[in-house]
Each structure stands twice: as C-alpha cells, then as structure tokens.
Amino acid sequence: MTVRHETITVESHKSEETLDITPRVKAAVTRAKIQNGLVTVTVAHTTAAVFVNENADPDVQRDILTALERMVPRDAKYEHAEGNGPAHIKAVLIGNSVTLAIRDGAIALGTWQGIYFTELDGPRERSATITVIGD
Amino acid sequence: MTVRHETITVESHKSEETLDITPRVKAAVTRAKIQNGLVTVTVAHTTAAVFVNENADPDVQRDILTALERMVPRDAKYEHAEGNGPAHIKAVLIGNSVTLAIRDGAIALGTWQGIYFTELDGPRERSATITVIGD
Amino acid sequence: MTVRHETITVESHKSEETLDITPRVKAAVTRAKIQNGLVTVTVAHTTAAVFVNENADPDVQRDILTALERMVPRDAKYEHAEGNGPAHIKAVLIGNSVTLAIRDGAIALGTWQGIYFTELDGPRERSATITVIGD
C-alpha cells in the first residue's frame, strides 16, 4: 500500500468563485501510480470548500453560488465581526473535503462531474492537499 | 491491505426520492472480507447524492426532501437551462460521497442510521460505487 | 499498513452546541503511530453531525447554528412526530463524517481549523468513532 500527498496552490480572482481542479487531482493520482484506492482532497481554510458537480454548463456553478447567497444572505445578522460570517457558514454547508474512488488507475468520476475548489472570501492564494491511498 | 470496488445499480421511480442502500453496502463489505478499514460510497451523477440518516420513521426522509425544496425552491431563478438547476444545488448540499468506519467486520453505523441514495432529478437508472479499503 | 479505531464519548449540555474535539482526534492519530494516511471521524447518531471550521472566534460557531436555524426553522411543518425533525435535516446538511489527511504524523488542518462535534438535539451523551488508516 502507498500513501502519497501533494499540495496544490489555487489562486482565486473574485470574492466568490468555483475553480475546476479536476485535471490537477487526476495528475496527482497518476503520479502516485496507484491502481485502486481512494483520493481525498482537503481544504485547510475556513472560508473555502470543495465539492463535486457539473463540469459542462458553467451556469450550474453560478446557480450554486447564487443559491448559497439566498440561503445565507450577506445582509442577515452575524456575530462574527470580520464581515465574512456567511463564508464560514457556506463552507460548512459544502464541506472541506471530498473522497472519491480510484479504480483501475482512474478517479471514478461521472462524465459530467468535476472537482471544484470553492472560494468564498477571496480573492486570495489558497491551497489544497490531495492524498492518494491504495495499491 | 485490500481494496475492493463494487458498482451497484439504483433505480428511482420518482423525481425526488431517497432509497435505502444499507443492505447492499453491508453485503459489499462482507464480500470484501475486510475486518477493519473504511468504506466509501461514491455517486457519479450531478443530480443525485448520498447521505446517512434515520432508517426507522419514513417521515424523516420526506421531511428532508421538503426542507431541501424550501431552501432551494423550484420557482426561484436559475441560469441552467435544463430545468434541473435545483437538483444540482441540492446534490452539492448533501454531497456525492459518504465515508464510514468498518470495525470488526461491520460498518460502524448507529441503530437508527441507514445509507440513503438520493434521487433529485428522476426517475432514472443510476449507479453508485462502493469502495472498501482495509485489512 | 495499520488501521486503528477509537471511540470517544462526547457530552453535550444544550439542545444545540458545537464541541471542539480536535485535541482528541489529534491524540488518537498520535496513539496510532501513523505518519501518512487518512483519519475519518464518524458520528453514529441521526441528530448530531461533525464538521471542520474556525476555532478562533466562538462567534463563528454561534453564527453557524443561527444560520442553520434560519434555513431549517423550528416552526415550519415537519411530518416526523418526535419534534426533532429539524435536527435530522441539519445533520444531513452538515454531514455525519469528516475525512482529513495525515501528513508526517500530523493532521493536515489549517491554523484556524478545528473539528467540531455538533449536537442538534441535546443535551445527551454521544459518541464518535475515530478511524486512522495509513503507514
């Protein structure tokens, strides 16, 4: 069994943005030379997140951020004094890690699935850890 | 260490539905002959999801879908032109994978917990990957 | 490769509360003597959850519970007769497990990240399983 980590740097350019990191996660799996196992992407920030969803129509990504804004409105009352209260809550709703199967050397993603790093309080330089475990 | 995958087919019969796949995940763990490790269930669709919650009162499952509809209302405005915009957002909120401990040959689920495949844009034939890793 | 489980007991004192279990998860990783791998924290309850977010300003934790109450209001209509319908839904939104990288003997958490057990229908005595897998 092998365990292999890679850290990637992600640069966001807006206050809120989803960034497709699928090719970089795939490359890390290839470099790990693992045929079967799991890959976990972990975000070490409290106002960023990661999820898996549609990679074809960019409108889906916009809809996701709009819906989150509707659920966690900027103009509601937050105790946290830094002004980024909603970003923390959205990060909890999305989650700070995803775990996916690696099968016969490839990530078991569907045709329309991509892995999206989610900036919720940018723009900033961010990072994510890709961990591959398996045989 | 062993890694073992199984793909299961899940057939949904409604536009939105939660389907208990616990017995099928348990069977995959038994077939993998692993005593201690992790099991991950991954959904390779962008309008379906998977979660762990109450298996006793079916009203809980109905409440979950009703609450999601309230948070991501069908009649709000979505850019995505296919009409299933809310399904994508609900899928992101629930998540496309769950990871659970395998301890002494059994999944470490509570008495009232089941694993639910969640159809959000059905009815359709769907699939999920069950990955077991451990000793 | 090693797999090691620990069960921790968590006592909540309010109906809703987030409890920092980071030191206990770190201690379990140290005891497992694993340098590289994954750690998964699993909650075997249907009205409790676990997430990773800010450990510095306690206002963030309060904001998270307030925002969830706004999204899943206590006074909406729920079919589930036990009165804790919202707790089940909030548990699904947050999730019942987190998976994090272990790198060079330490959990790959950011400076401001903590692991929070989330009570949603307390006060109660609860438990969580910590599973460490790796080399």
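Letters A, B and C name the chains as they come in the text, with residue numbers starting at 1 for each one.
Heads up, the rule we're going with is that contacts are C-beta pairs under 8 Å (C-beta built on N, C-alpha and C of every residue); 3 or more make two chains touch, one makes a residue touch a chain.
Since we're looking at a predicted model, the values are computed, not measured.
For the copy pair chain A and chain B, the superposing rotation over Cα atoms measures out at 120 degrees to the nearest 5.
Two copies of one chain, chain B and chain C, form a contact in which under half of the residue numbers belong to both partners.
Taking the mean of the C-alpha atoms as each chain's centre, chain B and chain C sit 19 Å apart. Listed for chain A are residues 1, 38, 71, 93, 95, 99, 133, each touching two or more other chains.
Interface residues of chain C, counted against chain B in their complex, comprise 1, 3, 5, 38, 40, 42, 44-46, 71-72, 76, 78-82, 85-86, 88-89, 91-93, 95-97, 99, 129, 131, 133. Chain C contributes residues 1, 36-38, 51-54, 57, 59-60, 62-64, 66-67, 70-71, 93-95, 98-101, 103, 108-110, 112-113, 133-135 to its touches with chain A in the complex.
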